[in-house]
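Look at the two complexes coming up: chain A is in both, with chain B in one and chain C in the other.
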Partner chain A sequence: MITPLVGAELRQLRKTPATWGLLAAALLLCLAWTAMVLAGVGGIESPPRGSMRLRDALFGASSIGCLPVLLLGVLAMTGEFHYRTATFAFLAVPVRSRVVAAKTVACLLLTPLIAVALVMVPYATGVITGAVELTLDRHLVAVCLRVVLVFACWAVVGAGIGAAVGNQTVAVVLPLLWFGVVEQMSGAYAFLQGLQAWLPGGLLVVVGGGRYPGSLPLWAAAAAFAAYLFVLFGAGLRRITRMDVT
Partner chain B sequence: MRNRSQVSLLALVRTELVALGTVRGPWLLVAATVVGTAVPALLHVLDAGTRGAPSIGTSGAMLAVLDTAGNGSRIALLLGVLTLTAEFRHNTVTVLFLHLPRRTRVILAKAVTVALVGAGVGVLDLAVALAVGLPSGAVPWSVLNGDIALHALGQALIYPVYALLGLGVGALLIHQPLGVVLPLAWLLVVEGLVLDLLPHGTDRWGLAGLTAALSYAPDELVLPILVGGLALAGYAVLLLSLGTARVARRDIT
Partner chain C sequence: MTAISVQGLTKRFGRVTAVDDLSFDGPSGTITGFLGPNGAGKTTTLRMVLGLVRPTAGTALVDGVPYVRLERPAQHVGAVLEAAGFHPGRTARDHLLVLAGRGGVPARRVPEVLAEVDLCDAADRRVGGFSLGMRQRLALAGALLGDPGILILDEPANGLDPVGVRWLRTFLRTKADAGCTVLVSSHLLAELALSADAVVIVKAGRLVAQGSVAELMAGGCSGVRVRTPQPAELRGALTARGVNSQFLGADQVIAHDVSCELVGHVAADSGVVVYEISTERRALEDAFLALIGEEGAA
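Right, the complex of A and B next:
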């Protein structure tokens, strides 16, 4: 049964300061973005008070949480190797793929809580400051579901990178440089036009319901994203199942 | 026999250089800076004259290619972080400080080393950018002047300063993954958000603003090159001092 394993991983995540540190960072970043949006209300080209555009802009503040969620996935997967507890973990559960699966599922189970919190905090701030009205409608539910899906994808990417790379330092640096530098740069060159739609960050925009010029259809983006995950977890499982943990 | 605590700074720097040279990580980081310079520089040349990109022979294209020489500065920062945190990560710090009890001297040696290596990598990346720009005509000899030379020199100077900043962050945080994530997240995401909330003009004193100033960016809003360079060096010295104080008092058993 994988359930006790997932429970153990969830307990482990709950007891780790890094998890709470990342959540606090996500919340602070989200609040900073919210303050930035609210500070612009009434300015030129800023959404007017009480408008749907302002509400959407506040919901958009939750997207900053992608980075901490990604790192949460990386840390959850690489923690055992970083602190050299992998030997005990794999002695207790010799089928190593189950440990990897349990860690991934534990991250997935955490993401809805984080996503809803990061959607609600800017919205509540907007309501309290009188910038938007409180309306619990289908749009709000749709936004929450979309953010949950996107966060789940980021967490799985993080777990996949952690599994494939192993070294925690490298595993946290690689996605930061990839998503923060390489993918940002790729959109700036005409020579690479079209490539961005096939990169993981570009695919995740489409999976989250976004569109941009040259973006793939949803089914193609989902399939390409699944292929990336397949490669990451394939390489990760191969590495983890063959590694010497003595 | 010579007293161990009297080992010269030069000998310590040499030792650190040997340590950096015999580990795979720094070489991979240097390779990453070269790739991070060469590929964007080539892409600027390939893009020239298309989709609004400046054509070859214009100052826009020249600055775009030369600017790629600064791309690796973030990697130099990582090099600085890893230089100290690796000692703690691999538990070699105890042996190191038992052998050389004057910890501030060890950190000073590491600072000199990363600054030297950073400067070397900065010059290397500038050479890579020029190696792409000169043959392609994107950086024509005829338009090279004092301002352009100052801009290029500034790009190369960012590296040692960022490496020192990284060393300071590493000394303060010790924990390696945290030490590499925090400065990168600050540079890529957090600084822009935080400075946007502060009064207008504060952004000139942020890392991005000071980096632009040191690289003599053609922007009226940035600080003068000397002020920018000194302020950035000041940040590095401040972080390094705080980090050194922390490491000097830390229990390493």
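Right, the complex of A and C next:
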């Protein structure tokens, strides 16, 4: 059941232009990826038309949505401080941890819609262009559920970063650098590959059902990911509950 | 009964003491003006009362409990603290709907408060295009959502035009007459003199004075001003009766700590022609400046 507080946070997200901007960006990136996949059909080492591999490649386009979903969490949490609306939020709800929790839940509730949209848009494009056939099977449901889970994790990471950092610019740039540079480097260099399994991005690959050389078992990845969240939200709640809203 | 109680409130930001052992009460059903020069600690005090700033020492109670322990704060206290705290991309209606949801207030209150602050026509416009006065009205609408019994307002007249200021004055008086407690900080002293029942004056974070507006204005340098073509004769007669007086320009005398009637009798007894006689009341601004020790104070 959605509490009035979560409902208010959902409304706030819905009525914030940045939310729709991020969704539009996610859809555009997803379509661009889809176009690249479809453009390669028939080429060497590309999945053939009508194959399950092509279908999975199209589903893979949804992964581009991780970043916008992460930023959605960041903006939901930091927007109150960026626009100095935290005064209103904490006047209405003086127990500040409840505001943090409601924002996180609101982001979580939005992720299934985004996930299904980003799975269905490339798939529908593939069907419309005749690259794959329309098959509403269990595999499609499994993909949707997996993407929902992964997006939910990314949204929570974003909310945690937003809570812990506070400054919106830093909270946006920091994960972009981390996931775009640091984690990419850890995957690219052999001597850093042992590290990748312990970094949030590497853990989320496993949580989402993926595997790579040296990856942790699912339970260990889930536990390590939960530990990251614990640290982020612990730091965030400490900062937010102790800060003077001036 | 005391709706707002501040006892020994202190706030230090590093080495700076913004509020220093401040104590005052805001009685129920009254308008209490909260006065002080810039940097006196007014806003910090109000934010401590509202649980937004953690006091270094002391307590601030609203309806007998700290603000953060109120069950449904929006239905106890409405606050206007800063005009800039709006998301520019959201409409006034959306801003209020979010506040209503957070405060557990029914959404039907939103159009009601928009009408109350005369913002119905702008309800679906983005706040980014609002004037300062419109933002103040929107902030006030937010404060009224829960129909609270206490209003805490920080410089609410900022950005309002004269019509808006008058509207605010009438609005606050109506609220107070209906039993609402209002604590309002303002630098518009004349405005507060017209609307406040009592004032709390602070300087450098410390309490300088607290009392009714009438008490503050009565103290000190009230007197009786007389315009006459014979100022020297009048002053001589007043001095003979033990009344302290002084010249004001070429044709006026002001007599201190004396009634208008007595001055009239002295003038009549001594045969002095009087063109005009009036009781000189000290303005709140004069009292304020005198209390905070500013140069040029009356």
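Just so we're on the same page, the second predicted complex is superposed on the first by the 244 of 246 C-alpha atoms of A that agree within 3 Å, B and C clash if a C-alpha of one lies under 4 Å from a C-alpha of the other, contacts with A are read in each partner's own complex, and residues count from 1 in each chain.
Convention: a contact is a pair of C-beta atoms (placed from the backbone, for glycine too) under 8 Å apart; a residue touches a chain by one contact, two chains touch by 3 or more.
Owing to the predicted nature of the structure, the values given are computational and were not obtained by experimental measurement.
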Worksheet item: Mind checking chain B and chain C on superposed chain A, clash or fit?
Response: fit
Worksheet entry | Partner chain(s) touched by A:Tyr212 [first = chain B, second = chain C, both, neither] | neither
Discussion item. Between chain B and chain C, whom does A:Tyr83 touch in the aligned arrangement: first, second, both, or neither?
Written reply: second
Worksheet item: Looking at the overlay, does A:Val95 come into contact with chain B only (first), chain C only (second), both, or neither?
Response: second
Worksheet entry | Touching partner for A:Gln12 - first (chain B), second (chain C), both, neither | second
Discussion item. On the chain A superposition, what angle, as a multiple of 10 degrees, is formed at chain A by the C-alpha centres of chain B and chain C?
Written reply: 80
Discussion item. Taking the superposition on A as described, I'd like to know which of chain B and chain C A:Gly180 touches: first, second, both or neither.
Written reply: first
Discussion item. If we overlay the two complexes on their shared chain A, which of chain B and chain C does A:Phe230 touch? Say first, second, both or neither.
Written reply: neither
Fill in: Minimum C-alpha separation between chain B and chain C after superposing on chain A, in Å
11
Fill in: Residues on chain B engaged by chain A in the complex (per definition of touch)
36, 40, 43-44, 46-47, 50-51, 53, 74, 78, 82, 89, 176-177, 180-181, 184-185, 188-190, 193-194, 196-197
Worksheet item: Along chain A, where are the residues that touch chain C in the complex?
Response: 4-5, 7-9, 11-12, 15-18, 79, 83-95, 99, 242, 244-246
Fill in: chain B partner contacts - residues on chain A that touch it in the complex
25, 29, 32-33, 35-36, 39, 64, 67, 71, 75, 82, 168-169, 172-173, 176-177, 180-181, 185, 189-193
Discussion item. With touch defined as at the start, can you tell me which chain C residues reach chain A in the complex?
Written reply: 44, 47, 50-54, 67-70, 73-74, 77, 79, 81-82, 84-91, 94, 97-104, 142
